[in-house]
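You will see two complexes here that share subunit A, one where it goes with subunit B and one where it goes with subunit C.
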Partner chain A sequence: MSAYSVNISVEAPVENQIQEITYDGQEIYTPPLTMSEHLTKLAQKIDFAKCGPEELNKEITEIDKNEDEAEQSTAPPLWPWDSVRNKLRNALTEVSVLADVLSIAKDKHYMVLDPVPQEPPELKPMVQVYARKKALAGAASVLLSGADRLKNLQAEALRNRTTPDFHIELLRLRQNFRLKKVSNSIVGDLSYRTAGSKFAQNGTFEVTKAEEDGDSPLSPPCSPNASLSNKPTSALRVTVPSELQGVAFIKVFFQKDQDSLTAAQLNLPSSSTANAIPDMYWQPKLEAAQNVLFCKELFNQLAKDAVQLQSPIPHIVVGNQIIASVLPGIQLVIGLCHSGVSTDGKTAVVPPSSNGHDHVLEHSLHQLLRELHHKNTHHPFPHPSSGPIGPSKRRRLAGPCAADREELMQMTQSETMLEQVIKQAQHINLRDRTLFVLDRLAKDIKDPLITSHWNALNSPTQSCVKINIVAHMYDTICRTSLLIHVNETTLKCITRDGRVIHMSYESQELRDFIMCQVYLHQMTAVQNLAKCMGWQCLANSAQLGVGAVEPFGNASSCVLASPTGERLISVRCEPKSGVHVTIAQSPRKDFFPGQLVKERKWENLGGSFKEVRWDKMEGKNFLNKMELLMASLTSS
Partner chain B sequence: MGVTILLSYPVPENKTGPQTVDLLIKRIGALGAVQSGQFLVDCETFSSGPTMGGPPRTVHVLHNSEQPAAVFALLESPGPPPKTVPLVADGLFDLLMLKMSSIYASKKQTRMEARGTRFEIADFLVKIGTVTMSSNFKGVLVEVEYRPCFIAGNCWELMREFMQSFLGSVVQNTPPPYFQVHNRLNDVYQPLDTIQQYLDHFASYRKVAGL
Partner chain C sequence: MAMAQQTVNTAIDSLTAALKSNIIPNQEYFLQGSILDSSVEVLLHRLRGLCDNVDTNLETFHDHEMCFSIRGPNNTQPLQLRVRRSLDHNGMPMQLRYIGQPEIGDKSRPTVLRNSIDIGTSNTVVEFLTELGCRKDFEYSAKGYMFRKGRMKITVFKVFKIDETRKMMSSGGFDALSPLTHSYLVELSVLAPSGQDAIADDMRCFAEQLRPLVQLEKIDYKRLVHGP
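Moving on, here comes the complex of A and B:
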């Protein structure tokens, strides 16, 4: 055997030989041979013709000799072909005798062969008729059964237009779900494990062929409408585990403190239980089961976070609810609602829930879990060719960049899902509060006008609002703009002069701040107006130290003089009680020389200020009134 | 990571090393420093075998507990002109050195360590440690870090005053020689500068041992 040779084993094919193919195409196989049959078959293959008659004779004599010896010794047959040889030898003897007889008879010397007279076979016409009839009946039955099969096939093809074939459906299922064959059944997996989930619960389901119960094959042609009106039946039937059946979703809502601390079991509205019918089409059924699995994983993850998180007010996990405090007095409740085809047959009782469901938070919860899945499977690029895969790029660079302890500590910190959701919830709450306060102020204060513009682009934890304060008709004279960043628990306000003011989540702080800004706006506007009217601003103070103490902010004031200097207007703004306007004029009309001031020239000093009855003044708003007042004082 | 200055505190003749350290800890404690853990800087020296050819080269591999993820390696090239090639790598470098044991052999008996206590006092970080060479006491090192600043020249006066308050006349009025030799006074301070100061001090302790 050379070095390049290949071992080839030659074996008989495993299949049996085809003995017969019937008219309907059925193949009939020959039964497999037994050991002895196989042996005889092999024996048949021996070519005896190869041995010539002389050799044969020689052999026969040898065999005879051997046989005699063998008979004498009565030893057991020495080799397996013993019996074959004996039979062959007998047959050879008989054939030799027959050949001898024939050769003798041919010469017609000693032996003559005479034909034996035979009686003719009697013809029975009836038997023939019956035989033909039987043969014809056999042929007819073969034809009929063939026709029947064709009919069935046609009927099935007709039905298949409405209900697809099992294999086609299996192909579709295979395109969307992972399937594998385990012995005789098909098992699928609907879990998110390939997408990066690490949830322990498995989501296996079984695929079986739906039996057609009570659906006779002859009915579809005569009643096509009946089959069309049926719900879409499928040749597939999927069986999902009982804990994944039904419909589930995550319910998120806010709860005011002391509203109800009772841990009521959250339940689904009964309307949605109706579609939990057991024989749904496989696609919605599997999708529903997948959703159940996803919700379960989400809730599981959140509950794990809630237990591990250390917070001043511990998060509570009761039954199928997680209660986390967001802001003082406001709690976030995350519940897992799952209505299955309950085994005990209990119907869900719906509590009259006044709490609205927060769809935005539910969506961001789903998003967070999907991000987590994505992060589990997608490692940041580029990977090092050596070294472990997994740590972030920053962590990998920490060595060569010689990062110190603090930086490394920061890298290890990551926010859990619950923390992120709580932050979003805090932001939503604070945004709503800010919105409410601003709208309320805009409604209450007509002079000046407060307008707020919310930025359309914002992040889940930060949004921004711009506030403009202007007076009606005087918007070119003075405009005060503010910018408020709404974060999770704090507000950051940037005024026009660049001052930054941080406020907490208490809405009263924002309210007071806006009120101060309103009165500051009035003072600035009055001074701008005075400039336009030719009046002179003698003094102004944004934080006035005299007068009654204000509950918030400070009173502000300014003194204006007319172009001739004979008239004075003093304006005092108090955030609490509003605006006071007083006027004085010189020379004063009520000057009477007294004992101390005798000379007439002192009348130019200006007299005491008299308050203007502001509510009786003409004018639409404060600035309009001021304009009219200045105009009248200038002219008189 | 701010500017760090490393000083060798001479052990008085009538005192032992631990006594000196205790004295310094007492002094810094009196200033209001708060203890915050331990620190360790170690230095292992590898030298090339005859397979490399040419004059033998030396590689110092240092670890600093302040930068736990990093390994510092300084290759002393004999020159001419003699120069030092610094390298900052991550923890896998240690394993790489083990693989190269046929080329660079470790000199176990020259392994040096500075180990001691870490103190925080306002913006300063003070480390007082004893230096040992293969568990033989060598001396006392004091490391002072001023964290808000990155330029040594800008904060030297401040640091000098602070250091003199508890180290006394040991502190010179001029910046340490390392900054003057390498002209690093007006550059941005880097973690490698700390390591090179340690290496300089370790080298001088070794010379003392040779005497």
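Moving on, here comes the complex of A and C:
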């Protein structure tokens, strides 16, 4: 060993030795050696040829000694080198005998070595032919099986050009859904739990590789029409639990009368149940299952709310529907429609087409549940950062600000989903009623024109409408505008002079109010017109105390005088019976001096008022008639 | 008087009852590590991927912490109290916090466990503590990012010295902060009622996912103090 040598430790590799590599590249390893096997293997490596004759002799003596010792000890210990030693000893004996024989034979004194004539091997041609045939058959089968495998691979590669690979599809699936490998199968989760859902039902599904062989005979009966047969086939097959199969949606509609309260099982139209394709592409299938889960959670939550809520008219949960009263005589029905595989037992027939489905409410129901999910996951962060996660800013401030019990109780209260939906439903109802009343009035009343502008920006529980009342052709003279806020169960009306009037959901109230506004508008317009014409307004009263009692509102009136003061017009508006116009003039034409009123000068006093037959008057509308009347009275 | 006595009793009774039934989160499971400034971006990126609410923006914070201590009557171990306030969020209450001695435990315990009691206070808490006889030991400001994963809170922040010379200025010395080190402190903590050791395993799993960027470990402060 030189001084520059480096010590290298040599170790056996950790891997097992390869015993065989099969044609498909699989490596078969030899099992690891046990301790004794390893030892014998090492022992077999000992090269006895290296030993010189002197060493041999030494060893012989040593072994002889050992032999003696071994013979002395009648029961030799079974140590690992025992067999090796025995073999070595036997070999040595044979080798020394051979050496003796050779040394004797070399001198050729006592022993001569003769070559032994060898017998030629017996040739059997038939056996050879059979052997070759067998060997060839073996080789041919190996080649054929290899060719088959190659063909299969090629065919699969060709198919993969149209349908993607299993692993690529798995990757795509993984990008959209949570997947997990459980022992030998791939299990996915389609529940909304990571998004904040607390629904107990789990949405696990299993992913398997679609069998190519099973597909081809099955697909023709599954797809009777040609369009289905060339739909994209997938290398993936997903198995969703039976309770999540099919199509589900939440049906929301209003029910007007009590009589249809009978608990009817809601069902999908039969057409949609029929084509539940069992072998769908995985993406729509999973999305449908996710939707089923979502609808179930939504319905479950609403049902829970319905049972817990205390309301004057209790909400009813029957079968797959919830009935909640919105306004007197109007119920909101929320139903869970699920065309599952297992719902074959409940196929009661209901005509769902008769009561329409409210898409807006369905959408807001979905939105509400998503908001709930969002709230479950998005807790505010604490500031300062060492605080606990969870409490809101108000809760954090409650301590330092010494919040009392009531404030704390308020923090815990929140509107349930059902309450919010009912409010939205109430608002929708009230908005529709208001819309109907306004449209009806606009249609019925032609004289002052009623126009309504609905604000495009509104919230689910509040909307706003602006109403303008003008007369045709006289819109610059007078315009009455008012604003109506439509809330859940009340209307708030703000008139032009700033008065605020609250009304209930009864549409008659709104109708009466608008009618009052219309007659008020007429009175104001007449006075404005009179100013334009140079007439003078002598008196006006919006709330007239004389005359018959009106069913709603009060009669209003005004007295107008011509520029010369000789003519008087009195207008009386009654919301019930309409407009009455009377005129008087001075000096009165029919003045005759009597016993009491003798002098002629008294004729200048206004005479008795005479009613104008308003329906016979010329003019397109009330203001036009008034204008013509004033004009004629001024000129005459 | 009797009435008042009664109400005080019931309040204390309900508090002890709450303590007994283990609903007060007074235990903090805790892991710490640090990361150099140069690689903190990578860590933030990974945390954004791992933690909840990826859709929202990065939550930042900037806090000011003061540590007060008060000695007991018979010269025992001083009681330490921490006052912390947020500098970037107005209107949030200040926080008074007591942190107990950390229990390192043996190798089987995955996290440090320490008592932690915190309460929101009004802004006069510093004066109150000074009146009580507390002395300010040290103060610092921490600025960084906050993440959430389930019940776990992950903070990545830098510790800054507070400039004493500029303290009299209107900003209170928080405009010119000088960092103490060239690294960020990473803390993973969960506040939980005592006996919920399952969360500690979750924390260890999460800490594993941050390796090798940052090694979140149980840090023995005593060894740091008495070490060479």
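To be clear about the criterion, the second predicted complex is superposed on the first by the 482 of 636 C-alpha atoms of A that agree within 3 Å, B and C clash if a C-alpha of one lies under 4 Å from a C-alpha of the other, contacts with A are read in each partner's own complex, and residues count from 1 in each chain.
Please note the rule applied: a residue touches a chain if its C-beta (ideal position, glycine included) is under 8 Å from a C-beta of that chain, and two chains touch if they have at least 3 such contacts.
Keep in mind it's a predicted model, so treat the numbers as computed, not measured.
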Figure out whether A:G399 sits in contact with subunit B (first) or subunit C (second), or with both, or with neither.
both
Please indicate which partner A:V127 is in contact with in the superposed arrangement: first for subunit B, second for subunit C, both, or neither.
neither
For A:L408 in the superposed arrangement: first (subunit B), second (subunit C), both or neither?
first
In this superposition, which partner touches a larger number of subunit A residues, subunit B or subunit C?
C
Given the touch rule stated above, what does A:H379 touch, subunit B (first), subunit C (second), both, or neither?
second
Determine, under the contact definition given at the top, whether A:I389 touches first (subunit B), second (subunit C), both, or neither.
second
For A:V10, decide between first (touching subunit B), second (touching subunit C), both and neither.
neither
On subunit A, the residue positions that both subunit B and subunit C contact, one per complex:
386-387, 396, 399-401
The answer for subunit B against subunit A in the complex is residues 1, 66-72, 88-92, 190-192
Which residues of subunit A touch subunit C in the complex?
377-379, 381-389, 393, 396-397, 399-401
Considering the complex alone, what residue numbers of subunit C touch subunit A?
25, 52-53, 56, 59, 61, 63, 65, 82, 84-86, 88-89, 91-95, 97, 118-122, 142, 146, 148, 151, 153, 155, 157, 191
In the complex formed with subunit B, which residues of subunit A make contact?
386-387, 395-396, 398-405, 408
